[in-house]
């Protein structure tokens, strides 16, 4: 069960409205790697977590924090949209430069939300559940979390340069700091899990010959012209878990025969022989 | 530019048809973490890659390999669907156990593809472009790649137990091996990049006070009841890059005031005062 | 079966082209609450209607009217796009103010529809079937209809202020009037149904103790800090149907224990114990 | 900012696993009218709320409650999936009746979530942001909320009959009770707002002649054969707000001329005259 | 403007309910090539049509017919679902064979539509606007129409074999006949347009050297191993419009250099040099 | 299996960056009829092809070519985005005309892809699998291919006029030429198949009376007011395959009775009689 506190996690106060920035900020609210994504991903991972309590608790801590980040971004967007009503727009349209900024407004910020945040990305595509994953395998999911926080911080860093508004930047500084911490957090958890189980997901599918084909587990296949890709730790040396040595296959050849599919029954109407053969 | 060779990368030969398994295998063809995803993700990362040639070459090598994996899975699914024409279905329906299996068939395998693979997941949801990312930041993207291969291998491992068909399992063994190698590959590349740039994405957004808020970059906020989450390397000790010490905030308090949104103009029709005030 | 008449329900005649407005008008054609939505929603409700003929007839009357509204909006958009061909655009780009307006054009109005209406919202997101509902329960569905007409009229009212074009406004005036009438229509139908069946949907799931938990059916749970929410007819007094008295639970406590999920079988590869235990 | 408490709002404890029911329950978790929808809808309405504090507080109370409902349903689904691992499935497949039930399992409950809840509906379609609305107009939004709770309770009532499991039914009884209360809640709030502002949304777009076309605001257009629809309070009598009298137009005629669209420029390549006329 | 007539275009009367067939029939109602698609496609093409009146009239004739097809399929599905209420299901579950059929039911036919048609395909994926096109170029669009009717009739033909119900088959026979006629119709229209304008879309983009690169307009590039593809009218002989001769390029070589992308500015945080270079 | 060659199929070299054009070009990369669509459509048709080898080979040739077109467009877009970093944007914003162009930038080209191509259309809607079809019926699919190449060339032709950049136009000239050839290719293949099997899809569903209703297979139904549609080869004369004569039905009447749906069981809660009748 959850409870809500009226204050925001951090201060959110913009210096002046900027509807074009409001549209851009939607990316980190309702985009592929926005706050809605990490919120829902951590909550679902926490809700579904089976096993050691400390991981479930940690997931619930951070998932709950992220609901508050969605709240902060809605507040940020609302403030950026103040003064973007049609009446103000009409006024602004008299000045070409301002008109350009207004032309970049997301029309749904006026028509659909009436100057509030939307559950969509910066192009208005609705957030959807396939942005998230909760697989039950902790290591797999924490790698997903680390990647989400990496993409998320990258996007906030890019946004940072798209405004000179000190109020907005102050909020971004907090978000950048939290995204930094959250990267650390998942790295630390990943290290712990890798030490326990090994680095390959899933650990419980062992590389014994009868279960996994070992001959292909250490080969780099050079399928794009040129051998620049041979110059890296993925091409030579030992696997990270020391179970084998990498092989750079410079000239790979296929190992499977040409498939020979069967002609389907007449009721599927492939028309392969140009005859009607139905009963 | 690309070229196609008629042979498959590995042998794909099922022992007997199984339309229900065909439906399940769609998950690793056209699902969130299926072969279409890694194929398109690596190709877009490769196409868009700017900077050192060896990374671009590596991305193109593996992206090109994955096109061949989509090809293999289409062949696998086609073979699993042989004998699933309506006529055969009608026959099968006489036996309750077989009818149950047939009842689990994806209707689109008959109606839409005529016994071929579909660009959808195991529930028939079409693959879509928001499954992938190519951000231009190599470390962020390779973390995404490592997570995708982790989820992908996990799903194939689970599928492995859903059939006793030795032909199908032989194909899965190859896929498991390649997914193992690809996890190694991204781990190795990630290590190299982390050594060069540091572990936080993006590295070029420096943790100096005026650009990022340092006070919040090392704190764990305990927002879910209970302190089990204090028992982990994310709660105490140094950050992985040694730039600071973690702080476990057992009783966090909000730092932002209650937001106070402005009343919008009448043309937005919020009806807040129940009066028509339009000009 | 349907028939089409060449004339439009109302006159649609714009004074001058305006591609940016064309983009905005797409919201009320192909958006969440646009004319495509009410058209398809009323038609599906009518097609699927079981029971009293007069409701089915009414749904078919209004569903058929809405097909004509889609037709009117396509005509409106086509007229707003006249003169937005690339050649005209190039000309316009010489003037900054006009360029700004042109910059706001939906690129698909040129590339995809060749100056015609699109089955998408104002951000180009395609209309989809999950915008509508036809549940078989008339009261539930008419509440949905009332809400759709409320949102729809709100959006047209907002659009009204985004143009000074008297031709366009004349069309909006008709739409506003019809949306007013349609709100009345659903209110009237809802009143009739509520009198017959009661106000709770579904009526046929009775509030007897063994079927529904009565203790929770009248409680407001105060889960957000502060008690401002106690000041309203939802917090005190009788339920609208007089079956009970509201209780404001100022300090709610959870009633369920901490869930204790089982450890799943090894074939699901949760890796909880770091051991491979497969057979 | 939010906080999480380890207990559930209500007890959730199933008597026995049932993977087919788990699939069906997904509808009320991640479907169009599931708990994710009301949770996100109320939270966004609350986050974006401008105006009287008591409405914002109420929205936050109920939005916060709904996060806990998502949590409860994830717990319910996890329990229903216990014992549905591939190994158990293989065992079950020996019995035709059980095989039938197993054949109805959602394959993603095994492959993707490893026996946990998914952010999707009962057919596996991911939840998406276009299920919700937060328009800024309180009356419009509360009508949306009433409709969502009506559809939601209807679906839970239908689910109730799809199981005999007393544990599951006990949870449904609580959900039915809360959905009853939430219908009351929105009805009460709607009444209050209608008294203040009038019943038509938006109230601030007044029915004065120059702003809205009055002649069409009270007419029922009989566009479907037959006049059964004349028998209802929408066809005769006064409008709910007494501003006019309804008129049943039994034989409606169009009021708009046949539109006459312009021929577009050659650069749009409509090929209307079969000539290339490009510069 | 449209009008509705109570009768159906053709008789729709099933012999007995069959919920699994109801699920399958959804494909031709709300799938990629279902009746919703042709209905919306022809209506949008008609609404947006500029130029000769006879094409617009023809599009409106057939678009209007297709609304009636959606109506017929909703009626068909409703009848197939009679007797599939939860109570009947429970009864049926006692018999394994029937249970298998019931297990194949679309859960939304119970929970969401209450035994009515849904705006979705056979896997429950909602219909969406990107299934259709109305480009303004008549020849391009009529080719789309011919393809849609071809796929549509193929799917109905496949469905025909999935039931022995004579009532259902009688409806399918009518649909097959109309889909046959509609294929003829588009072929005839296409022939007329090709005679007028030539066979390449768009005709108004002429193959003169300065506008289109002629050297590549007649070459087949053999990019897949093997030369079986040389055996066809696309590889040798004249182009259909006699403007050139086909060339089979057995060993194609790329004509473009290796692209050399620029290093982006530091504010995009590609981290290419591992240094923070922000101002 | 596939291989990649470093060179591009054709030279791609823009004269100067243009972020607004980059956004527009996304339509032919990741839109409904973009290169991702033809690439995936031909590959799936090739992978799933059963029957004569020469068709499979041809499909693989062209599918493989189209992967290279996706590559070319990514290179084009990357070049168009050079110089669109936030820093440059800030500079540009000082000039109103440039600001207008910058205002038209796709925000995801900065935030998400860091100046690279995206798997989306010109409005940012992600590419999805329902854009393509591989039905197993060659004639149906090749008609789909012809239509896709027609729409695709139309869009490139329109794009051609939206830029004066000679480098970009040179690339478009190559694409126009290939789209011309590909239209020829499918026409030629279609002719060959029509000669073999007849012109109606599927050929194997014969027009004999007991399988298809012949009376409706040649009738044009005039359901839109006016008889302009009688003036065309679809209204009079013989069917293209000479199997019958067209009939123009000027005043069509419905042939089906008014459907009479059954009242559903009480467990579906339609509330038709306002009574609770549950057991």
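Letters A, B, C, D, E and F mark the chains in the order given here, with residues in each chain numbered from 1 onward.
Heads up, the rule we're going with is that contacts are C-beta pairs under 8 Å (C-beta built on N, C-alpha and C of every residue); 3 or more make two chains touch, one makes a residue touch a chain.
Note that the structure is a prediction, hence the values are computed from the model and not measured.
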Q) What chain lies farthest away from subunit D once each centre is taken as the mean of the Cα atoms? A) F
Q: With centres defined as the mean of C-alpha atoms, identify the chain lying farthest from subunit C.
A: B
Q | Rounded Å distance, subunit B centre to subunit E centre (Cα mean) | A | 28
Q.
On a C-alpha centroid basis, what's the spacing between subunit E and subunit F, in Å?
A. 9
Q. How many Å are there between the centre of subunit B and the centre of subunit C, using C-alpha atoms for each centre?
A. 31
Q) Which residue numbers or ranges of subunit F touch two or more of the other chains? A) 1-9, 32, 50, 60-61, 63-65, 68, 75, 78, 85-87, 96, 100, 103-104, 110, 112, 114-115, 120, 123-126, 128, 130, 133, 135-137, 139, 154, 157-158, 161, 201-202, 204-205, 211, 223-224, 226, 254, 261-262, 264, 266-270, 278
Q: Pick one for the touching-chains graph, please: line, ring, star, complete, other.
A: complete
**Q.** Complex contacts: residues of subunit A adjacent to subunit E
**A.** 154, 157-158, 161, 267-269, 278
**Q.** Of all residues in subunit C, those that touch subunit F in their complex
**A.** 1-6, 48-52, 85-87, 89-90, 93, 96, 99-100, 102-104, 106-108, 110-112, 114, 120, 123-126, 136-139, 193, 196-198, 201-206, 211
Q.
Considering only the defined contacts, which subunit C positions touch subunit E in the complex?
A. 1-5, 7-9, 30, 36, 40, 43-44, 47-48, 50, 60-61, 63-65, 67-68, 70-71, 74-75, 78, 112-120, 126-130, 132-137
Q.
Under the stated contact criterion, what part of subunit C meets subunit D in this complex?
A. 5-12, 32-33, 46, 53-54, 56-58, 60-65, 68, 72, 75, 78-79, 82, 85-88, 110, 114-115, 125, 128, 130-131, 133, 135, 137, 139-140, 143-144, 146-147, 150-151, 153-154, 157, 160, 170, 173-174, 176-178, 180-181, 183-189, 191-192, 199-202, 204-205, 207, 211-224, 226-229, 231-234, 237, 239-241, 246, 254-259, 261-262, 264-270
**Q.** Residues of subunit A defined as touching subunit F within the complex
**A.** 20, 23-24, 27-28, 31-32, 96-97, 100-101, 103-104, 121-125, 155, 158-159, 161-162, 164, 223-226, 254, 261-264, 266, 268-272, 274-278
